[in-house]
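In what follows, structures are represented as structure tokens.
Look at the two complexes coming up: chain A is in both, with chain B in one and chain C in the other.
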Partner chain A sequence: MNALDTTTPIGATLALLPELLLTGWSLVVLLVVAWRHEGERDSRFAGWLSFAGILLSLAAVLGMWHGDWHSEGIAHMVALDSFRYASATLILLLAGASTLLSLRYLGRQRLLAPEYYPLILFATIGMLVMAAATDLILIFLGLEVMSVAVYVLSGFDRYRRSSAEAALKYFLIGAFASSFLLYGIALIWGATGQTNLSLIAAQLAGGAPTMASLGLGLLLIGFGFKVSAVPFHMWAPDVYDGAPTPVTGFMATGVKAAAFVALVRVLDQGFIAQAHQWQPVIGVLAVATILVGNITALAQESLKRMLAYSSVAHAGYLLVAAWPGTAFGSGAVLFYLAAYCVTTLASFGILAAIEHVGSRTVLIDDLEGLFSKRPWGATSLAVCLLSLLGFPGTFGFVGKWYIISSVLREGSWILPVAVAVGSLISIGYYLPVITAMTFKPERTIDAHRQVAFSRAGKAIVAMAVLLILLFGVWPTALLNSAVRSARTLAPQAVVTEVP
Partner chain B sequence: MPPAAPIAPLLGPALGLSAVLFTLGVAGVLLRRNAIVLFMCIELMLNAVNLAFIALAQLQGVGGQIMVFFVMTVAAAEAAVGLAIILAIFRHNQSVDLQNVNLLHG
Partner chain C sequence: MTEIVFYILAAAAVVGAALCVLQRSPIASALWLMTTMFSLACIFVLLGAQLIGILQVLVYVGAVLVLFLFVVMLLNLSHEGSDLRGPWGVGAAVVVIGLLAVELFGLWQYTPARLAREVAQAPQLADPRLAFPAALSMHAVATPNVVEDLAAPLFQTYLIPFEVTSVLLLAAAVGAVVLAKRRI
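So, the complex of A and B:
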């Protein structure tokens, strides 16, 4: 029962079980919302209902992972390997946490259209498909399902001009990037006659024709936009700044995670024989992203924009981890993605609670004296920032250390130096936030009166902080699991003749 | 004996045209400042890719033609969402010129 034949209808259905469950559930939520869309109570109900669907899908993923479901022969369309299960688990946890963080925020900011939650579910389905796809067509479709939902989400606060502008920018640049990706797919298919990654690898084992290399280049441009790598990053700070804060958290973590796992799968499973062609590109993108992201973040006064640029910089670290193309490198991508996503989502969750009703920006100066009024919130934000910085004893430190060691193993020294330099620069913008919160007095008596954590938000942030500290001192089990998952990525031997 | 007919007539010109159309679309997105025109340029890029798929289908089989259906569906979904977003911008600015989209700048 554990080996599925994905060419039969029943096998294909079982292989897509988490995605199908979530699709069905999201349609039910959409129906429920059509009847109940009056006030805050209905919105919260839709939120909890969506959360239940995410848990259901998560149970399916964990069941498949635990039962070690795998495909007979090569995987058609969807992979059945631990890499997929691990990334799907991460994505579903992020979606669940984003849902819970949104509950209170939507009520406070009077964003009471409950369609918000089905949109989160649709985006999550796209992400799951991207994490599972072993076929370029399916990667494209997953990307679009995710992106179209997120375009709407980023403009969800449409009566506010900044949110509408963010949606427009994200939509135009996202669609532009998708066309590059699609042109890349067309050229690769034209050169090899295949869209399945393993079959492409079999075709290209003896060297790639120019057309396939060109296609790979266009594919990398498309992914570069999606993961916000420099020089394709200019949209990211604006869109992250303008979107509602919980959506920003979801975009900065879920979308990036899905794009990175799909990128790693394409590179490691389809184009591993062309590593000498894409490694220089990834390396240059990584160094540029780390330097530009960190240096621009220094100049930001708004906390949200600072976090946005820091998320650009972190895309650079993740690209470094994608550079080796080995199981250790891809394991480092998974591990660092987990570290980055947990930390970033918690930071945006805290930011959402601090934000004043109706006002868009929280300046770093606005945080002065937060520690004396909200000691737990301030401490949690400090822990998150230290983890993003890579302070020893946190999740982020272990992740960075692991990225550096996986790259050093392949004999590159420029990339580890870039990671170290980037982390040093980032001290310059993370530490002022912490000193502002702890050492400076609050500006006015009621500066922090509006700070409001919901019970669910508190639980999510507390869990994230515990995870950051736990995996900071005891990372072995998670590290081993990440490497074991990444091992399953190696191109599958194609035994049958290429049809 | 007459020379064998080429396997894929017009493959070269069709791929060339598709590349030209794609480049035109990219140039339009980079140079123009009107949201609707930008959106049209993106559609042009997508359809250039469709042309490439159709042309290559002569060599590689019907997979490309099937792919075109997926692309058209996706483009329709994008148009629905994109035009709604452009409408939301119009309500704020009374114009769809990107010069007025300046609240956020990096």
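So, the complex of A and C:
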């Protein structure tokens, strides 16, 4: 039991240990990169160095979680609870896996500027800050650190038009979304005089003035852009399609995970008394996102665009999990995030290995006969797609089942029906990929000759597939841990008298 | 005496702003903008807000304007006739001036007495010092002074956001170089 007072300098430093370690390490990597930036070898060295930093930060998070570090009184700026530790663990694992998946891809596509890896580290720092923040100002700053780094990463392939277009589009829409978020924060501050979530909850316990409700609405719009919820999803397919594939994987998983954990913390810790106001909004967004995402995905011919729309649809399922505002609902958000992120990152990792040098798109027809040439790669992709679909016996199925049960517990039946209908529609675009890979013959003799997994990439994909199958049949431990973590989210009691 | 100084500075600010808009050359415009910023800084000092005056010089004259000049020089802007002089441009200018006039009128109506009345009627907010007992001692240290009033929240209550901002700026600087440099 370690109680920290986050208002003291030592307490704040210890509470931010994982973030500080990663920031210091990213500066070292930046310096190393300034000296060694010649060829593929230096790029790979920077990648492995960054991976070591991520492991170091992960060790700090796990140590804090294991030691049960918690805050004394109200958490000032930084939360010390298992919800933060669980989300930080997920984010760091995603960042580490993305780093390893990038190693070979960057060499193949001649994207040799090693500044790529410090930018991944900066984005990860932003995500960690978002997962930890209990203050609206800090949530906003974390979001900006993450976004700025990811804008640049999505435009990293500067000589390809689509990549530059993706970066510009993402930057403009992202700035637009940030302004909504900031204006919402300003209105909430105007109504309550606070930016700390627990203090806001104390201030609004008796009911929210119109200004606070308006601010919450703008906040939801800002988050809606970041998690690509319909109708704020228009940027997502183009940006996911244009960015380098490992970056797309990182964006579709890490950015979404960080935005969702911050959203859940804001709703559950700051505005739980206003649940009747935000629940209808979240519900409508969720149903629209599930339907539009799944139906549009049906029409896609490129595998990358199909996965992009599927990630929009999955944001809908996650919104359904955020709807109840209970420990079970928020536990379902954590659990489904883990399922979705592991699966999606592995899919994009496989896609990165299949992509030809310099070519832009992999059509679903291009996968024909992949199974006969690369049986392990094809099987892994099939397992990932089945998990995204929610096939029984996979991680994704348990996640969806758990979302539905946590919503049913609160007495809603529309949202579970929407989840079920969405999953049924998604059969229409996941299954054709699997049949193309297995049942159809390859088109030309030298098809799939360029498919190349790196050793690290193989290891990451294999581990993800094992996790998908393991948690598909034995989810109990992870489920319990997710619910226990979500329980720590309740607003903290506020002292209103002089001690 | 103060009033005379104020009017001289205010006139310099207005003339600088007008010339900034009227000049054809972007460099001359930027230099006139600097005159305006300097005059505003002096007016802040006259108001007793020395710190804001100095920050005005440091941030606007020092950083922002030098950045302007760099961008102008790097982009090699030529002196071209502006395309804002048509009927649409005039119409837009009239609308903007009208809005500014309404705003000025509103501000003119807003007397100190009215402000005091509104502050008295506003609901009482929870004091963060009560929520964070340890922070109480930190607040007690601060004495009434412009710089310390600004520094105490910045480096005590909001220290963590302040530091995260520096990471944000670093990430933005690295990103700008990566995207803009032809060969890294």
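Just so we're on the same page, the second predicted complex is superposed on the first by the 494 of 499 C-alpha atoms of A that agree within 3 Å, B and C clash if a C-alpha of one lies under 4 Å from a C-alpha of the other, contacts with A are read in each partner's own complex, and residues count from 1 in each chain.
By our rule, a contact is a pair of C-beta atoms (placed from the backbone, for glycine too) under 8 Å apart; a residue touches a chain by one contact, two chains touch by 3 or more.
This is a predicted model, so every value here is computed, not measured.
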Exercise. Touch check for A:148: first (chain B), second (chain C), both, or neither?
Worked result: both
Exercise. Regarding the shared-chain residue A:161, is it in contact with chain B (first), chain C (second), both, or neither?
Worked result: first
Problem set entry | Partner chain(s) touched by A:115 [first = chain B, second = chain C, both, neither] | second
Exercise. Does the superposition put A:8 against chain B (first), chain C (second), both, or neither?
Worked result: second
For this session: State whether A:241 touches chain B only (first), chain C only (second), both chains, or neither.
Result: first
For this session: Examine A:269 and indicate which partner it touches, taking first as chain B and second as chain C; both and neither are also allowed.
Result: neither
Seminar exercise, completed: Of chain B and chain C, the partner touching more residues of chain A is C
Exercise. Of the two partner chains, chain B (first) and chain C (second), which one does A:193 touch, if any: first, second, both, or neither?
Worked result: both
For this session: Identify the partner contact of A:78: answer first if only chain B is touched, second if only chain C is, both if each is, neither if none is.
Result: second
Exercise. Is A:137 touching the first partner chain B, the second partner chain C, both, or neither of them?
Worked result: both
Exercise. Of the residues on chain A, which ones does chain B touch that chain C also touches?
Worked result: 137, 141, 144, 148, 151-152, 155, 158, 167, 193
Exercise. Within the complex, which stretch of chain A touches chain C?
Worked result: 5, 7-9, 12, 16, 23, 30, 37, 73-74, 76-78, 113, 115, 118-119, 122-123, 125-126, 129, 135, 137-138, 141-142, 144-145, 148-149, 151-152, 155-156, 158, 167, 192-194, 196, 198-199, 202-203, 494-499
For this session: Please give the residue numbers of chain A that touch chain B in the complex, ascending.
Result: 137, 140-141, 144, 148, 151-152, 155, 158, 161-162, 164-169, 171-172, 175-176, 178-179, 182-183, 185-187, 189-190, 193, 195, 234, 237-239, 241-242, 296, 305
Problem set entry | Of all residues in chain B, those that touch chain A in their complex | 15, 22, 25, 29, 35, 38-39, 42, 45-46, 48-49, 52-53, 56, 59-61, 63-64, 67, 70-71, 74, 77-78, 81-82, 84-86, 88-89, 91-93, 101, 103-106
Problem set entry | chain C - residues contacting chain A, complex | 125-126, 128, 130-135, 138, 158-161, 164-165, 167-168, 170-172, 174-175, 177-179, 184
